[in-house]
Each structure stands twice: as C-alpha cells, then as structure tokens.
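Letters A, B, C and D mark the chains in the order given here, with residues in each chain numbered from 1 onward.
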Amino acid sequence: MTEKMVFVDTSLCTGCRACSVACKAWNDLEAEKTQLITSYQSQAATTPHTWTYISMHEKYENGKMQWLMFKHQCYHCADAACMKACPSKAIYKTESGYTLIDHDKCIGCGYCTANCPWSVPKVDETVNKSFKCTGCIDRIENGLKPACVSTCQPGALHFGDRDEMEQLAQNRLYEVKKEYPKAQLYGDAIMGGTTYLYLLLDRPEIYGVPSNASIPLSLTLWKDLVHPLGGIAIGGAAIAVVGGVFANFALGNYRNRGKEVAESQDKKGGQ
Amino acid sequence: MNLTRRGFLKLSGLSIAALASGLGFDLEAAEAKGYALKLSGCTKIPSICHFCSGGCGLLLHVKDGKLVHLEGNPDNPINEGGLCPKAASLEQVAYSPDRPKTPLYRAPGATEWKELSWDEAIERIAKKTVEIREKTWKKTDEITDAKTGEKKTVPANRAEGLAMIGSAEVDNEESYLLTKFARLIGTPFHEHQARI
Amino acid sequence: MKGKLFRFTAGTRIFHWIHAVCFILLGLTGAALVYSWLQPIANIFGGIQISRDIHRWAAAIFTISIFVFFLLGASGRELRSWAKSSFKFTKDDFAHAKNFPIEFFGGHKPFPPQGKFNGGEKLNSMLMITGLLCIAISGYIMWFASSMPQWLVQWAYVAHSGFALLIMAVFLAHFYLGVLHPDSNQALGGMFNGYVPEKFAYEHYEKWYNQVKVENKNT
Amino acid sequence: MTNSWQDMMNSQCFLIAGSNCAENHPIAMKWVNRAKAKGARIIVVDPRFTRTAAKADIFAQIRPGTDIAYLGAMINYYIEQKLYDEPYVLNFTNALLKISKDFKFEDGLFSGFDASKKKYDYATWAYQLDEEKKPIKADSLDDPDCVFQKLKAHYSRYSFEVAEKITGIPQAKIKDIADTFAAAKPGNIFYALGMTQHTTGVQGIRCYAIIQLLLGNVGKAGGGIQALRGEPNVQGSTDMANLNANLPGYLPYPTNAQVTLHDFAVKNGAVQYKPMVALLKAWFGKNATAENDYGYGWLPKNDPNNMPVQSQFFNWMEKGQFKLLFNFGSNSTVSIPDRKMVARGLSKLEMLVVADIFNTETAQFWREEGLNTKAIQTEVIFLPAAFVYEKAGTMTNSSRLIQWKEVALKPLNDCLPDLDIIDRIFKKMRELYTGSTDPKDAPILNANWDYGHHASPLKVLQELNGYNDNTGQLTASLAEYLNAPIGTVSTGCWIYAGVTPPGKNLADRRDNADPTGLGLNKEYAFAWPGNIRVLYNRASCDANGQPVDPQRKLIWWDPVAGVWTGNDGPDVVDKTKGPETPEGKQAFRMNPEGLGRLFTASYTSGVSASPVPADSIAAVPTRGAGMTVDGPMPEFYEPIESPTANLLHPQVQNNPCAKIVSTEFGDPKDYPYVLTTYGVCEHFCAGAITRNIPWLNEIMPEPFAEMSKNLGDKLGIKEGDKVEISSIRGKLTVRALVTDRIQTLKINGVDTETIGMPWSWGFASLNPGPSTNNVTMNACDPGAGTPEYKCCLVNARRA
C-alpha cells in the first residue's frame, strides 16, 4: 500500500466532534464522564477510550472573533518518538505510514505517552496496554476511509495518497492565506513528517500544540547514549570481574587464601 | 510481522474467520495482511437519520439480526457518508439498557411505574378514549352568520375532551394515521412540534 | 568472638540484605522491562506485569526501609555515620582508592591506615548512595508520571536508566569484592554474623581496628 | 426549503440569519463549505458568535428579535439604490399591481385593525380590480398606487442608522451585508428557529421573501430561501397536517360555519374542493359518495373561538376542557416555554398516553421534584416505541424529499412502531363501537382503515399516493391526479401523488447520479410536488423561457417540441403552455396572482365577474391568497419582553396581534438582560434521545449560560462558576461560560447585554439538568403560533 495521509483543514472544521463519536463507534470505545472545560470543549486529552477529540480556542483581537478548532489524535509521525521509546518493540510502522501498537507486545509502561510530544498514547491501567488512534488501519486496508474522515460533514478531513494530500494542503494554504496571513501547515516539518497534516489559521501555539515538536533530546540521550554507555559500563565491570577472578587465580591468591583458612581452621581444631 | 498483525486484530476484538460477501473489496487480500474488517459478513441496510431535517442516509451493518456498526451511507447523495455527532452516535440507541422494555402504567396518585402488557395497555387506552369521547361529545355549535348576523346551530361533531400532540419524530405513514385517527374519533385538537 | 571484631549491628545487616535482595529483584525486573531482549527474565517472575509489580513493590520496600533503618536506634546511628563518613573522602582514602585497581586484580600495594570504611568502600558507598537516590527519585517520577510534568518524566527515564546501569556496574564490582575476591571477601562475614577477622580488620582498616581495640579496653 | 441541501453548493453568497446550521443542521455545512471553496461568501447574523459564525466572512451580532429592523433597511437600500433585478421584479412579482387607495400604515398599525379582537380586517389590503375582477397593473414601478411604491414608502423609515440603533449592528456592517448579498448571485438565505421563534417570526421570513424576490434569487439553483426545519420528519408531519388548521396537503381545516362541502369550497377557493374530495375518499373509501357529500359531515369542525395551538394545550387542560392527551414523541415538559404550566395542565388530565423511545420527562412529569406526586390523579400510560431503523416507512426531509427505509433491526424488547400503536388503538375502539347506530360513531365505523394485521407502512404510503377509480390502480403521477375528474381519484395527501405509481415505490429509488453537477439527483427518492427539486424554477428563465444563468440551467421552454423541459421537473402550471401564454408566465402558480408577493394582498383569483348559481362550484377554480395576519408588509415590533422602547412607534411597542399565553411579564428594571435560547450540535431538541446517549453526554455534558466578559466582570462571574438566571416566571442555576463570543451591544445609546442558554435539559435521563424553559416566555406569533423562545428578559447573579 502506498503512503497515506489525512489532511486536516481546520479552516473548515466546525467543531461538531462527530469525528470523536465516529471513532468511538468504530472502535467500540466507551463514553467517559466529562464536564465542560472551556468554551464548548469537554474532552481534555486523548485517553485509552478517546482516541480523537477537538480542542476549541477562542481568540478576540481588534474586534474580530475567531473560534479555532483543532483535532487531536495520533499524528503517525515518520520519526515516531513513541516507537523509539517503546522498550518492548511493540510499536511499529506500516507501509502506509501508520504507527501502530502491537498489544501482544505492549507492556503498558507508558514510555510512549511520556515521549510523544503531544502525549497521545495512553495506558489503560486496567489492562496495562497503551491505546491510541490506529488510523483505522483495518478500514483503510480494506478500501474504506478512516471513520473520522468518513463522518466529517463540513469536509475538514480528507484522506488519500500522501503526495495528493500534500498538494491539496498547499492549494488550500494558498487560498486561505489571502484572508489569514498567519495560516500555515503543521506536520510537514516536524517528526520527520506526520501522517496527519494540518492547515492552521494561526500559529500552532494558539491551538495549544508545539510548533517545534521533535523527538525529545532526553529520548535520544537515553536510547542513543545512556544505554550504549551503560552497556559498556556493565560490560566493562563484568569483564573486570572475570579478569579479577582470573588474575587472582593466576596469582594463586585463592590457593593461598584457602591455605590460610585451612591453617586457621587447623589451629582452631588443634585448640 | 505476523505477531504484530495478530495483536492488532485482538485489539479490535475481531474474528478473522468471517468471509466477505458483497462488500466491494478484496477481503482475502486484506486478510492476508491481517487487517480483518468487523463488517465482513454483514448485510448493509440503509436508513435515515432521526435528528434534524437533513434526511442524511444511515447505513446499518447487521449480522444475524444484530447491529454490528452504524455509519453514514456513502451512497446517499445528501450526506455522501458524512454524519454529525448525533447521527454518528445512533448505534447506542439500538441496545440501550435505558429503553423501557414494556408498556408502563402509572395509576392515579402512584409514585412508581408498573409494567403492563400491550393488550392491557391498548384496551385501557381505547376504553378510556371512548369514555371521554362519550362524556365530552359536542354535537353542535351556535354561530353567528357572518352575512346575516343571525344566530344558527351548526354541526360540531367534536370530542372536546380529547387532544393529540402528534409528531415530527415519526414516519409520514404514522404521522398521517395520527391525523386520520384524531379526526375520525372527533378531535380537531391535534398539534405538534412544528408549532414550536 | 575470638579473633574477630564486631563490625555491623543486626539492623545494618538486615538493612543490607533487604537492599541486596531488592536490588537484585529491581535489577532483573528492571532489565526485563527496559530491554525487550531481556523480557524472558520476566518469565521467572510470572510475566511482565508481575515483574512490574515486583519492581514497584521492591522499590517501595527499598526506599521505605531506608527511612525505617536510618531512624532505628543503634543501626540508625551506624547507618547515619556510614552515610556521613562515605562522603568524607580524605587524603588517606584517596591513597587507598588509587591502589584499588591493583588490589582488584589480586595485587597489593601498601596504603595508609584506613578508618571503618576504606577509600574503595567509600567510593562504592558514594556511588551507591548517589545513584540509588537518583534512581529512587526518578523511579517515583516514572511511577506517578501522569501527575508529573512531561519533561521531568522524560528526563527521569534518562536518569533511571543511566544510574541503574552505572550502579549495576558498581554492584558487579561490589559483588566481586565481597564474594569472589579472595582477600576482601573476608568482609562477608560482617554482613552475616556482624564479625570480621581481626587480622583482616587490622590489614584493611587499621585506624578503625585501633579505635575498636581502645574502646573495648575502656569497656 | 425551496431548494435542497445539495443545491447549496451552487450559491455565491449565503445570508445565514436565524439559523446556526453548523450546530443544528450540520449537513448544511458540507454544501456551504463546498460553495465557499468555489468562492462563495458567508454572512452570519446571530445574537452570539456560533460555530456557524466561526466560518463566516461577515459576522454581525444582533439583539435578539430585531431582525426586521436591519432587513427592512436592506430592502430600503435595495430600492433606493436600484439594486433590485428589474426584469425579475417586473415579470415574476406583484410589484406592478395596484393596491387599494384605502390601504394605510399609520403609527405602527396597518389599516383595518380591530383592537378588541387584536386582529386585522384584510379588506383594505386588496388590489384595485378591473371589471373581470383581476388586479390592475400599473404601467411602471413609479405608479404611486403600485405595490413597489407601497414597499418603498413603507421601508423609507428604515435607514441604516435607525437599524443600528435597534439591532446593535453598526451601520457600516449592515451596508456591507446588503452590498455583499446583492453583489454575489445567486444568493441563498437560511433560517430556522432563530427566525420563527419570535412574535414577529412570520414577518421576518416575509422580509427574506421580499429581499429574494427583489434580487431575483427565488427559483434559481443556488438561490431561494431555506427553512432548515427542526425535526427528522417535521416537513412530513406538516404535510400530514398534525396541526389544528389543516388537513393533509395543506387543505384548510373546515370550520363549523362550513356545514357542507360546498360551503367549504366557497370559503376556501374551489381549488381546495378536489383535494378535499380525494382526501375524504381516502378516509372513507366506498362510504364516501357524491350523495353523502363524500362523508364531509363526519369530519369534526373547528370552532374558530376554541383553537388552541400546541403551547396553549396545557392551559386548556388546566381549564378542564381536555381530559385525555395522546402524546407521540413530544417532550413538552422540557420544550414548552414558561414550562410550569405544563405540569399544571397534565395534572388535570384523566389520562396521559405517551409513546416514545425513552421514558421522557413528559411521561414522568408527576415525578418532578417539587410536585405533590400523590395528589396528581392523572393516569399515565407509557408505550415504548420502535426507533427509526426498527421500522419501515418514509420521512420527508427539509427539501421535500420523501425517502423510504426498510426495517433494519427488529424493535428492541417489546417496542412497537407508532404505526402499530395507533392502528391497534383505532381497531380496538372500532371494536368497542361495533353495532352502534349513533351518528357520532359513523366516522369510526365507516372509515377506510385496513392496513393489515400488522399495519403495513407501504399500504399507508399508497393511500397517500392515492388511487384512480377509472383505472382501479394507484395514481401514476401528480399530473394524473390533477387531470382526473373530481370524485374519481382518492389521495391521503395530494402533494404526495405519484410517489408510489403502480408496482413502484419512487421514495425507494437509489440512483444517486448527478449528470448536471447541480446536485439535483433527480432519480434519487422522490420530492413533492411531482419530483421538483427547485421550487418556482420557472423564475430561473427569462420572458422567453430560456435560462438566465447558463452555468445553472434548471428548466427551459423547448419551442420545437412545444414543452417545458430541463434538468429539473418544470414547476409550471401546464408543461405545454409556452412562455408567452398567461399560464406560461407564472412562476408562482400556488399564488392566486401567479406572482411572487412583495405585498401580501388579499385576493381570490378565478372569481367570476357574473354571479354563479349558489349551489355549484365555479367552473374556473377560485384560489384564495395565503395571508399574513399581522400585516401585508413586515413591520418591526419589539419582542414582548424588551429592554427598550420601540424606536419607530413607541405607542405600538409589540406586535399588536401577538398571542399572549404567559401571565407574568418582567420589567427591564428588574430583569435587565436579554436571554436567547437555542440548541447545541451535540443534543437534539428536548434531549429525550440524546441525553440518553453516553457518547453525546461525553461531548456536551451539561447546560450553561453564555455571557459577555463585561457582564461577567460586572457580576463577578468567571468561566466555570455557577450562575443563577431568573425571570419573573422562574429560575435555574447552570455553569457560566464567560466569553468574547458575546459582546455588549449599544442599543439606542444604551449598553445592552445578551445571555445565551441551550434548552435541551430536563430532570430525567442519563444526563439530567435544569430546564431553561423555566424562565422563557409564552407569547406566540399570531400567524404561525410559534412562541417567542428567542428573547425574554432575565436577571443573573453568581450562585
């Protein structure tokens, strides 16, 4: 399968949240108890039972009101921090570009949660498995659109081949920029390129997402420096221990010590 | 890779065994890769959304009489498969534990419901309707002739005590029978949500 | 006990062995949790989830025991002074530590008289105390990650892994010296019955040996 | 809707005012966004910055209930600046027709007002007629007697400046809206309850009609006026006349003065005679004969002095007239304004029968906290109804599209379709009346009611379609019905004729092809009347019958074949009458003039100049005009509860004809803020279904009150605090949402605050909450009977 992409055109999103419901309907995810947080928003973050939600951002400037909507879900990054962080090799990439969690392998450690720049994957503590958007891989591999895309009435979500979606995004950006000079794409320049590409009307920070999302430095240090160095340290220590044993053996220290002990025991016995 | 795919299937709680019938995609090829669709083996039955007046098409995927999944009907030219959150949530009505299971009866002054059979319910309603109809029948009205100014007696044929709040929430056929029923039993006091 | 010197109180010994057992459990389960190729280790304990539970229980016992034993009467005093002295690294300690590699491989070079804990031991203690403290703090941050700032959790992983690996290396050395090294393993008895051979004590902790002798005379 | 959902993609401009379609008709946004991608402009006028407003090019915040002020200013501007479509106005509207010299508008009242009855006599709202009783046409739009000049004079008072003072929308913005909407054609107007739920609701919508007729937008692809209707089958239920003044197919309901069918025809226009006979034949079958007046006498007759609209039903119960109420799928306990009167009324019933999906607040009214349950003597029977996909049948969407669905799932538990419920009750009643010779029981015993053991929806739909006695078959088309002699065809609803021709069910057609790209989808299901997708489409052609918009061709006159043809079904009187004939000129065939009505004159067409025999129905069918009861041209009146005085005529503050139901009204001194109520995307109407759906409760968990930051500061309330909203009629406490989406308005120089609250909560369900209708006011539009939910006065304080 060729690389796929979902283009999220926030300029068309009406914040109806059908995507969130359709996701739950397709993936049999239970409803959660919520209350309003701000504006009309009630879902605060992805959870093991909420794989996509909309955040709402009210911005009033120079007498002009803007009500900005942002759809959150797994971005299915090309350089997936979660995958790098996963100690269990449970996270993998598909040919189509999706980042998936193999629940046979997942151990529920939550390293993916902590290392995802958006904290998308979440561990269900009752089963100790991490859950997140699957990109509806079962639908797309079977020729259907992802559930969120297929339900989106205002046409804010598009699904297709990666290059086709990128082109569409560029075209829309060109149009939208006329009215919203700060409009920009989000996703193409981060994490090696994401599978969910956004058209935003303003800076990512206005939507509460980091503009410079990247694999955390700590993760790189951890996996690429600390682990190899630590391995060397332990290996070195192990070699030293073995070397020490051999050296002592070669120097006859064990024999001598043995004698000493025997002597002292003899003494004891003699007393 | 096999393991990982199996893991995925487990996540979706799906059976790989089902066969595709008339679903319009190559299930075998898909299954070879391991991504089985929970819709395989389902009959697709179109319906219509029950909220605003858009008339968006629903598509129900039904297996062995059970609803497996509900989503927008891509072949309906109004919504082309799209649904709003209300419509997208409609599969939660199908087996809602909160839907009453039988007719319910609340006696005068009672503080709780009790269950009733349909036969009992229909009989009770019909008898009461007849009783009120008899009691409140208005055979004639006195009116003033607009032209002559004379008082005259004209047929009224009304059951004054019966009223009906009909519905924009039911099908045309049902709505029509509500009108027909109300007029036949003698009540023009028939209104509904279109008014509000 | 004849020919032996009393070195560690019962509390200290129990504390040491609690920590030793916890450490090994933590090391094994931790390794299984962080390296997919070491996951088979988890099977010893009955699977990865049980391993994680063991890791957390062991961690809890490990840290709680510190508070308990450091506050307990005699052993508390002993442990507190051990901890304090470990970070008082004198010229004599340095001189001992300098020769440590030679000692390690079975050689010998004279060193100035040492206190209750010699330079090598102090080095071990310093690394252990600092490392384990960092592991414990980062471990709790990881345990309660959902209520911690994300950057802190991310760095906790680095610290936890880094110090764990370092301490593991230190542990190997400690184990070697305590158990396998033909000379220094004489100290092992101190962790079982509390006594070490007088000769050994004289050779390795001359200052302490003299101090104890004076104290014994006084009592 | 004159057009359809798909047709919205053909628009160049949208005026969305009185509709929050992104939230309450989300499907609209699919097509609006498609038009937008092609360059269409979106104008939203609303008391709040809604999720629809978030997609607008121009947003104007308006004080609730003042739409006519700015719309009147737009009409004035279009006339003054000659921005109207002159050929269209001349060809297709009544602009040139001369109005009676007795017509007047003075001091806020039109001529003919009877203050004691709060009603108008329409006599002076008439045309000047010639000897043939036809309206006299002026030579030009400058004739002082013509409709156009009446319009011009009437709206000359509506300057942008006055409109700003009344509505709070800056003058420049009103001008921008007017210019934008006039420049980008075809322009489309959406409204919904935001426009209807006022005491001036009908007149506000009349403004839309006037604007669209002036701009020549009606009858065109991408044009028209879209009433985005509120419920899944509200179009169908209105077609089926679940209303006290109609019979199916919009026949006027006979009053007690119309003793015979002849009386009925004389009063309502002879065009109503045929559908009435056809309906009676559907209802009484063989028992309806010419000899017995087709059973007309069996119909109950309306007493015009005793005609409560829905929101008055509860007063009628309280007064003791109604003893038994059937309630199918309504949740009045939540949905009726000033709702305390609902429980008072229901408590007086002997029996309440409720059929619904979930156990609604209405069925459980006796359980509400604060009521003395044991003292309530009402017997209540709740009938569990099958849900939409558990039954077969049709629903008619907002664009008149009749769609068939099959049973997808067996009804849950013991639930039954409403069809079976009503069928079983009727059959049981007929059984109880068997053998009765009392004339009052004749309609029950003589009724044509046989839909099978389990009532078959298809049989009912076929009854709606009707049968032709001559062929003994189902009527094949609307034309066949129209051409058949009176008394030879039956139909349960004449506008549905043709939906099920013999052997077919056109409502079940699934061909979604759209060869024109205009979204007509003509082979998909069936739209009444006669499968026409864009109403009044004759107006999309010029005087020669050729399309004026080459991009959006709907119909045209084919001079070779001598027939109206095209992509859509031609909405013409007679397909064979060319554009030069009187019939072929008519774009609005349901109006007696055949013209679009800028001025709703009282007029009956087809009245013979010479006297006709008293007992015959005239050969030329007479057609009466639909009247707007509160004036032939829209006039601005303040809402019943308003924070300010009427700037145009202080002595006539409110609509003089409004139906007042509530008994208590607040003073702005005590209740200084304007409350407006609405629905949200995530819940539906009174919430009986959606508040029982966990996924929806997750995304909209609780009710709230929205207010400006100024008001929040003033009251010491921040977002998330609890706020108590009170009116003279009641109060409730909800979460406060302090937002920039509502701004303080300057109304006639005074700062005025608006508070917004959704109303979908009640005391039962998985997600109970306080009902906003505790505080709203029950005063209705005189024509439509719709209560003024959209504005009342309240106070607010931190709770």
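Just so it is clear, contacts are C-beta pairs under 8 Å (C-beta built on N, C-alpha and C of every residue); 3 or more make two chains touch, one makes a residue touch a chain.
Note that the coordinates shown come from a computational prediction; the quantities given were computed from them, not determined experimentally.
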**Study point:** Leaving out chain A, the still-touching groups
**Key:** B, D | C
Study note, to complete from the structure: Chain-centre distance (mean CA atoms) for chain A and chain B, in whole Å, is 42
Point to revise | chain B and chain C, separation of their C-alpha mean positions in angstrom | key: 72
Check your understanding: Distance-wise, how many Å sit between the C-alpha centres of chain A and chain C, to the nearest whole number?
Key -> 37
Practice item. Measure off the straight-line distance from the CA centroid of chain A to the CA centroid of chain D, and report it in whole Å. Key: 51
**Study point:** Residue list for chain A, restricted to those that touch at least two other chains
**Key:** 16-18, 20-21, 25, 105, 153, 155
Exercise for review: Two or more other chains in contact with one residue: find those residues in chain C.
Suggested key: none
**Study point:** Residue numbers of chain D (touch at least two other chains)
**Key:** 26-27, 30, 681-682, 694-696, 699
Practice item. Please list, in label order, each pair of chains that touches. Key: A-B, A-C, A-D, B-D
Exercise for review: Using the touch rule from the top, collect the residues of chain B that touch chain A in their complex.
Suggested key: 3-4, 6-8, 10-14, 23-27, 30, 33, 35-38, 69-72, 74, 79, 81-85, 87-89, 91
**Study point:** Residue numbers on chain C that touch chain A, as the complex places them
**Key:** 3, 33-36, 39, 48-49, 52, 104-107, 145-146, 150-151, 153-155, 157-158, 161-162, 164-166, 168-170, 172-173, 175-176, 180-183
Point to revise | In the complex, chain A residues that touch chain C | key: 85, 87-89, 105, 107-111, 113-115, 119, 128, 216, 218-219, 221-222, 226-227, 229-231, 233-234, 236-238, 240-241, 243-245, 247-248, 250-251, 253-254, 256-257, 264
Check your understanding: In the complex formed with chain D, which residues of chain A make contact?
Key -> 12, 14-18, 20-21, 24-25, 30-36, 38-40, 42-43, 50, 58, 60, 65-69, 153-156, 175, 179
Review point. In the complex formed with chain B, which residues of chain A make contact?
Key: 16-18, 20-22, 25-28, 90, 92, 100-106, 131, 134, 137-139, 141-145, 147, 150-153, 155
